[in-house]
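Note that chain A is present in both complexes that follow, paired respectively with chain B and with chain C.
Moving on to the complex of A and B:
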């Protein structure tokens, strides 16, 4: 039985607390009386994933068994989530690969000749051959790459078709191959409650015109939070789009969930609470800290990005999208949920080296905001951990560094747009369209491995609610000029940051530290 | 050790010193007495070419413990080196994984790097049962070089001019003994990377032995180690393996060789027609690691 998550109060005996700090770490002593929220320990994975997958395909939820849907002469499309999930990438074999192998096996037995596999990247960067191979596995890759296994292209007019409009006027576009298929099998991996469900297909195989329907500042401001779909305007929009797709295309949805075993054995202490650290863990941390303090960022990045997480599959369900997603969310919540009593004045967070948009890449300043204030801050249910008008303190070096291949539009977003304004509404109305339709960004998205031109805007919008909700954002240990460009305050130490925060929230504030990753979902009363 | 003082007797230092001096004297004598690389004196008779030594069939290279040593060399040195230098992209490897009888592996040739890369692409199981036809007049001109490549790559001497019957016979024996045969029908390395006309020998061999031929194509090896250079450079390499071809009933060896050449050309162009690469279902089933394989036969079926 895995130990559940916990909220502990800092006392004199509490060891210093680990803060992720980009490709490094800091140990901080939190003030007495502060709370630390720890995620639950990894729950036990399914012992025989292949057998569980076969069982799910044979006994789907409110749908026919997969093998009854397959027949010779049909057109079958298998779509799957891209490398933005899970984080860090999963050590081989990836559960998506296991599922795809079973689906392909069933198609081969049924004699389905016309099979294509599409990576549902939406407006993310196109994955490299090696990245796709890692997800689908060697056997699928060598059989289908490159003609029948490829990345979705959201910018090719001939490859996308308009399915229709929802009753709210949202356009629904879909990959042409998927729309013309007799059956679309979607293979999803859900790490946090935000993923999966109708969002997978509607967004993953959509294009800018369908994604922009819900990736707006107003929609995101109305989502309390994106990590709790019933209270999320974003997900409501995705459901409307997904239902329209379900009317037009026969969809067989497969979702998997994994536990939160995020670090390999060599860095296992990062998974543990500080109070559980053995002498060996302390020595390992000390050594890693010295190395990361001294090593240049490129070296540290190469080392950290080569770490793969030994996730274990905790659930697999197949069938109708809504039914499947409900089951998946149960599994995800079972792993992530931590009850937290009441809100707090100040929340502290360490932003790690990795977010969904910088796998094998650099976490640039815009992505620091997206990861820290967009995703980690929003890992709550009911209400945010910090009260309205409270302060968020994040720790990250916030260096001015970008990956020119993956994030070309981010460079211009930072240099041009953020130099002008950091207000999400203003950014959306004045700049989004120009970046989204820029021919050069489109060219790099289609031909290279660049994120779509509009992507930095969405990354910024993810943080819109946090920016509106909080009275102040302070970055500890960040490059001062960069932090100021982002519109935040900069502090050298956590003590300084807490002093600065008191000017906003008053004397003797309550403080809560979210010790993540591993990821968790705070259920705030 | 016999009793006596340390400096005298059979094992005394003076005795050892005199032996060492003897070795030095011998070496000096040989060095002064024989000249290599200098013009042959006009007074000497012409070097005889009438009856060359019968080349060894290098059976030792296909026996233990040499096979185990070769396995260690290829797994411990060649494979990591190939991965690091060329990051090979291998397509269609399922066609060689499912071999249940000896086959002739036919590939284009533009670099000395081709052989280790192709062997790397074959995987452990097939590589361990594969011999490589190496130009006798190039690799076996110097005995030490021949031994090294035989140890490393399991090569055997393949005469490019003269002795065709002998070569065909020896290749047939190897095929019948259960060995796969890797040959480069162009005969020599392409100077510019383009495919050169195939020699018909591969057709003879396949038709005579009713052996399937697996076409393979290597792209990029010329940038790794082009003709005339000795130091390899890192460059990406793609290796494509096609569906096995078998000589049709009544098909002449020359026609079959043409068909093999066309298959390699098609692989070079990236054709993915099912005739060449198989349907995805065929390839999927071929790559099924869970399905029991038929026991490998050491001798091919008898000619009809």
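Moving on to the complex of A and C:
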């Protein structure tokens, strides 16, 4: 049985603690009495994923078996989650590919000829052919790409239709092909509780006008947290939109979950607690540390982004969206949940090289904020690990570097918007519309591989609650000018940062380090 | 009298050019410039006065001549040997502080009736720069018979002289000439309040163009491309709404103008761009960028003195750009005023002293030239000679 997550108190025998630091690592000695929260070990995966998938399709939750929904002459659309999860990407075969193969085979057996597959990218960048091939697998890719397997385009007016408005006035748009289909099968992979459910279709095949209904500063400020859907205004809005879609289109949901086996054998020590490191692990770490300290960022990035995670599938459920999602969340929580007693004055965390929006790309400074303060900080249930007015200390090089193809609007967001203000409300009211409607960003999104023009705003909004909740944010080891542009304080060492933090939280603060990734969900009393 | 004299020597010129602007070569014994005792220039006729320079700037055009990068086009329009220095403040025999408007047009040369350009007040375009009692030359500082600012004494026609207001320092007064150039350029650019204006370059001419555009043709947004931090700070203080680094020019101008940016092989291309661009470096690369950063149907004003440069004309052709030069000054049609008078008025509020320095005595001309060649890196804007010790003597 997998070892559950744990909260360890730092004593004299505690070895230095690993902090992720972009495409590198730092070992830090935390003050005595600090707490380190470790994620659970990977739970045992399902032994025969294909068999489990077939079983889920034949015995769906509160829905008819898939084969009974398929008939000759029908129009079938299969939508699937994009590369923003899981993180790191999954070593082949990706569970989405396994599910899609079963669905495609079932459709073929039923004589369905009109089948199209759509990557539900929403306002994310369009995936390359190789990236799609990795998700769906060779057989499906070869059969369907590019005419019947493609990325959703949220900016093509002819390819998106208005389904209606919710009772709260939220517009609901959907990909035209999906809306005109007799059946939409949505294939999801849920990594954290924020994913999946109604959010999949409402967001993944929506467009700016529907996404902006809930991707607002106020909505995110009203979500406690958005990793716990029942307490999330964002998810409530997605549910309203999703229910409207379910009324208009017949949808069959398939959700999968994976364990947190996030690193391949070569970097397996990242999966372990430092006290468990063997001599071999220590040697591997030392070697990797030397390389990452010396190698240029591009080289390190190429190496890290080539790492694929050997996840194991922990659950697959099909059928009615709410029932399916409840089961999925059970599986996800089983893997991620760590009970944490009480809040703390200071939280420390290392931001790794990868977040949802820089797969095969650069984690630019805005994405550092999104990943560190938007996602990792918010991996809690009940209340944040850090108390209100407390301090978050993150470690990341925070270099001024951007991927010009993937993140053109991020560059401008950093140089034009953050130079003016870092206040999420002000940013939203003064700049969002201009970016969302910029013709060049639209062109780059539609014809290249760029995130939508509005995307950096959403990345920033994800951190809005953290910025409001915390008394200070300090970045250790970051480029000073960049950190200041982000509105944070810069420290050279963790010791300096802790001393600076004392000015906000007082002497002898309580400190908790979140040793993530692998990802975990802190259930705070 | 003590002066720096510029001689004509084709071998030296080629050597300087081959050295690629290296200061140690440009000021070596093989240099075109030498410090020595030269004859005091004679007064060419009635109406001419002796002027003792107080502060005299080292302009980019002077450096181009010294390093062999000036265009051969200017060669027949220059007489040798000449004493450089065309932007200066000085003092007359009676103690009056003056600035010298250096263009040697019909009025200076005593040509009656004046050519059609001088008659219109466009003295920079004078057709008689080879005529009259003085040698060939477009300006004081490039004419064998007048002397120049880099010597103890020069001669100037009364029509060239403008009295300096008491409140204006010698240093700030010295910048009257480049400021007048910039005002003339701004008025040729003729930006409106709806335009986005780009000033490419933040040396002295670029910074003064920023100030002139802000003062005389304030646009909707004024963007300046500045390479060094001190230039960026000065550009902001002189009126730039946005200052960007050269490497960010395409990104930031695209955003400011809502253009679309296409990736290019050598340079990117903007579909859209600034309405008016002032190119203030004379650098070929900057000119090539300027024509790509300006929208179709827009205007590019060359303010910095260009040399023989390789510039891709395809954007000029395809975008139907209006490319225009802005040389010198005269009487501005739009205001009916002399540009020098406008510059002296404007100087009062611009605090231009901060753009001048460090100052060197003539005897340290090698250090001065070396400093001027590295001005940007050395956080300087306009290096100048301080000749006040010589004047007092």
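Following the convention adopted for this analysis, the second predicted complex is superposed on the first by the 525 of 525 C-alpha atoms of A that agree within 3 Å, B and C clash if a C-alpha of one lies under 4 Å from a C-alpha of the other, contacts with A are read in each partner's own complex, and residues count from 1 in each chain.
Criterion: contacts are C-beta pairs under 8 Å (C-beta built on N, C-alpha and C of every residue); 3 or more make two chains touch, one makes a residue touch a chain.
Here the structure is a predicted model, which means the values were calculated and not measured.
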{"item": "Combined model on chain A where chain B meets chain C, clash or fit", "value": "fit"}
{"item": "Touched partner set for A:487, first chain B, second chain C, both or neither", "value": "neither"}
{"item": "First, second, both or neither for A:438, with chain B first and chain C second", "value": "second"}
{"item": "First, second, both or neither for A:342, with chain B first and chain C second", "value": "neither"}
{"item": "Chain B versus chain C as contact partner of A:16, first or second or both or neither", "value": "neither"}
{"item": "First, second, both or neither for A:280, with chain B first and chain C second", "value": "neither"}
{"item": "Touching partner for A:33 - first (chain B), second (chain C), both, neither", "value": "neither"}
{"item": "First (chain B), second (chain C), both or neither touched by A:389", "value": "neither"}
{"item": "In the superposition, chain B vs chain C on chain A residues touched", "value": "B"}
{"item": "Closest approach of chain C to chain B (Cα atoms, Å)", "value": "18"}
{"item": "Chain B/chain C common contact set on chain A", "value": "none"}
{"item": "For the chain B and chain A complex, residues of the former touching the latter", "value": "89-94, 272, 279-281, 283-285, 287, 289"}
{"item": "Chain C residues touching chain A - in the complex, by the definition given at the top", "value": "248, 251-252, 254-255, 258-261"}
{"item": "List of chain A residues in touch with chain C within their complex", "value": "408, 411-412, 415-416, 438-440, 443"}
{"item": "List of chain A residues in touch with chain B within their complex", "value": "104-105, 108, 111, 113, 115, 129, 139, 142-145, 147-148"}
